[in-house]
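The same subunit A turns up in both complexes below, where it pairs with subunit B and then with subunit C.
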Partner chain A sequence: MSAIRVILVKDLRIELRTLQSLPAMGLFCVTTFVIFRFGLDRTSLEGSLAAGVLLVTVLFAALLAINRLFVAERDEGGFDAIRLAPIDGTALFFAKVLALFFYLAILEVIALPVFAGFFLDDASGLLPLAGIMLLLDMGLAATGAVISTMGANSRARDLLTPLVLLPLLIPLMIAAAGATEPLLAAGGPSYDGVGTWVLTMALYDLLFVLVGYATYEFVLED
Partner chain B sequence: MSINMPSLRVMAFATVAVLGLAFALVFFYAPNDADQGFIQKIFYVHVPIAICALIGFIVAAFHSIRHLRTGDPIHDVRSYVSIHMGVIFGTAALLTGSIWARAAWGKWWVWEEPTLVSFLIVFLLYATYYPLRYSIEDRERQARYASVFAITAGAFVPLNFIAVRLAESLVHPRVFATADGGLPPEMMLTFFVSLAGMALLFVTLVRFELAAKMTSAQISRLRRALDSEAPAASASRIAPAVPADQTA
Partner chain C sequence: MSANIQATTSISTSKRSLVTEPVVAARSLRRDYGEEPVIRDLSFELPTGETLVVLGPNGAGKSTLLRMLATLLRPTSGDLNVLGAELPKQAWKARGRIGYLGHDALLYADLTLREALHFHAQLHAVEDAESRITSLLSQVGLERRTGQLVRTLSAGQAQRAAVCRCVLHEPELLLLDEPRAHLDPAGYGTVEPLIGRASGATRVVVTHDVEGGLADADRALALRANGAVAYEGPASGLEPADARTIYAERPR
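Entry: the complex of A and B
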């Protein structure tokens, strides 16, 4: 437990001092919204289109962070240090999942209001939407941490992580889109079928946290 | 595979016999579909191929679990071969599905058919197995990562089918959903014979590929032993290493 905390605090401190990932992700989100504004030629969005724009933007912003998640470990010998340290390898997994979860949550604190300001006529769905986004973040973080470790230790590096991760995330994105769409519907949020999608997302999160927990030791081993 | 399995020759003949019987049933015994007519017969090829591919993926996940638990590379080779054959069968399933969609609904691709869409997503995920595997140079790490991938993807398969099924409003009648109750007995029989034939084909091909891998590993070992001065040609980069004590 304390190992998780130490690694997590280390990661957050590095991010706070260097500001490598978060500002880039935020900027990426805002720019992508602007591109969607012209790509779709719409000044306001609702329903499935709004859900799609928001989720695709967050997904690709998350890929930026996921790609960078293990750069320090790879370049500065962090993987070896973790292997040498008398701690469980899964501590690294949970620390990275939490770090990624925090990055994404902070990103959405920026991205959601900007999205609402740019495109939404009615922002009353934002609060329940924040809950959906947290479930999404957890799924992104759990799968992202495992695949990113593999990517960091491969020759293809930055290419491999998104390649493997995108198809793996499709069920999560399906569920997130299904849950987001009624919340951003024209004429105020509705809760039709949101429960089923929330359950699906929770199942996805649980499954991949467990798979990550069970297999991470083997990803780390050398 | 264990010693109790029938020889490859027996398996090959059994596959030809059962598949031949299946095609005879498809063309001469099973009635034409009242709605779709003759084209519906592609169902007897498409669905068994897809089922075999999915089972191959799940089997690969179990081999991978055993590989990680025991560290024995033979399980990694089996997992690799299962996924490899699953991807080949998956390609065939997508092609036949596309042909069926064109004939039945007039379009090469139909997003309203949840099983086909789920299958495409699963296929896309397993297609990344090769770039993942061959971007890792260290053999042991390659095998471990491939196993972690196979387990993750194996857990992904059922979840993906749930998610896609929920996302579709089920506007199209689905043939397979009626396979339990709605299908006439002639069609049921034909379908199960086809399924048995395809399953035999899958297992036989897997065993042939395993045997080929074992043999080529043995040959390169013998070559090295014969000519120990000059380094032998390095083993194939597009196939997992086979352990020294595990030859066919």
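Entry: the complex of A and C
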């Protein structure tokens, strides 16, 4: 636990100092909402279209952070430094999952109100939607941390990470869309079927945290 | 040279059997990158407290050897025992007892010097980390740079900082890849007590300074450009002139 905290604090300190990920993610989200607003020529969205606009935007914003997640480890010898220390290599995995989770949660503090302002007539579904987004964040963070590590030492990493990651995220995104759609329904949120999708997302999150935990030492090896 | 080398190798082989519990023991070690062997059929032992100098031209596999000893690379085949741990299976037993000084400082560029060293101290559970860091930085003349971002340090300052990182946890085995890199004589003078013979640690030193390396070492290992072993034995058994002929061989 101590090693996870040490690596996480280091990551957050570097992000606060350099602002390499969060501002880019926030700007990407806002810009994409503007493009959707004018591209769709709609001032209000609901149901599956609203869910799609929100989730696709968050997904691609997450990719920006996932691509940068191990830049310092790769360029400044962090992988070696951590492997030389008498700690479990999975500490790096859990620290990166938590860092990415924090980035995404902070992003959504900005993105959800902006989304509501641009597209929603009724914002009463936002609070339960925030819960769905946290489940989505955990799945993105766990899967992203594993794939980003695998891609970190590849020359084609900018290509490889999204190409491997996106297919793996399809079940999570389907479940997130299924859970989000009734919450953004016309005439106010409905909760029909949301529980099943939430359970699916929770299982996906658990599965990829376990996969990361079980495989990470191997992924870290040369 | 080859006759001289073979004679000395056979002497060293008979001596080797008398040594117990070496800090490093390699037998028939091989490492390939893809299809190409970088190190082939390497066997040697390094007793506690001794220094091994590793010589050889660029591409001979010196840094690869050091990374294998540091548990950062898996051998393709052969047996490797470091500090009583069979690598790579028991790498966890050796980690934390090794100080590795490679080509990179292994310090995060966007942390201050003190933050970067504190990060390593925490990972290695160094007791009284603050005073240890202060003492080391003072020894290498960086006490006024503690609040400076690592990315703003000069190459020589970064190398001295890397030495502090390398010895922070008082390792038993030092793996030093060209430790004089970027350092002027005065700069090396500040780090020598920490990584030189006076440190008391068992050392493996990769260097291109043939005379200096042999004079500073108990044992020597010379690698050819194709990764084969040209010499393995006591440092006193390898003449600097003979060692230099290895550098004249055609590189891969």
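A few remarks follow.
Here, the second predicted complex is superposed on the first by the 222 of 222 C-alpha atoms of A that agree within 3 Å, B and C clash if a C-alpha of one lies under 4 Å from a C-alpha of the other, contacts with A are read in each partner's own complex, and residues count from 1 in each chain.
We adopt the following convention: a contact is a pair of C-beta atoms (placed from the backbone, for glycine too) under 8 Å apart; a residue touches a chain by one contact, two chains touch by 3 or more.
This one's a predicted model, so the numbers in the text were calculated from it and none came from an experiment.
Annotation: superposed three-chain arrangement on subunit A; subunit B versus subunit C shows no clash, the two fitting side by side. Between subunit B and subunit C, it is B that contacts the larger number of residues in subunit A. Residue contacts after overlaying the shared chain place A:Ala72 against subunit C, while subunit B stays out of touching range. Legend: residue contacts after superposition of the two complexes on their common chain; A:Asp80 is shown touching subunit C, with no touch to subunit B.
Applying the stated contact rule after C-alpha superposition, one finds that A:Glu221 touches each of subunit B and subunit C. When the shared chain is aligned, no partner comes close enough to touch A:Gly187: not subunit B, not subunit C. Once the two complexes are laid over each other on the shared chain, residue contacts for A:Arg17 go to subunit C alone; subunit B is not touched.
Working from the superposition on chain A, the subunit A vertex angle toward subunit B and subunit C, CA centres, sits at 80° in steps of 10. Once you line the two complexes up on chain A, you'll see the smallest CA to CA distance from subunit B to subunit C is 5 Å. The residues of subunit A shared by its contacts with subunit B and with subunit C are 221-222. Touching subunit C in their complex are the following residues of subunit A: 2-3, 6, 10, 13-14, 17-18, 72, 75-78, 80-87, 221-222.
Across the complex, subunit B is touched by residues 143, 146, 150, 153-156, 159-160, 163-164, 167-168, 170-172, 174-175, 178, 196-197, 200, 203-204, 207-208, 211, 214-215, 218-219, 221-222 of subunit A.
Chain contact summary for the complex, subunit C toward subunit A: residues 70-74, 88, 92, 95-98, 100, 102, 104-111, 115, 119-120, 122-125, 165.
Against subunit A, the residues of subunit B that register as touching in their complex are 68, 121, 124-125, 127-128, 131-132, 135-137, 141, 144-145, 147-149, 151-153, 155-156, 159-160, 162-164, 166-167.
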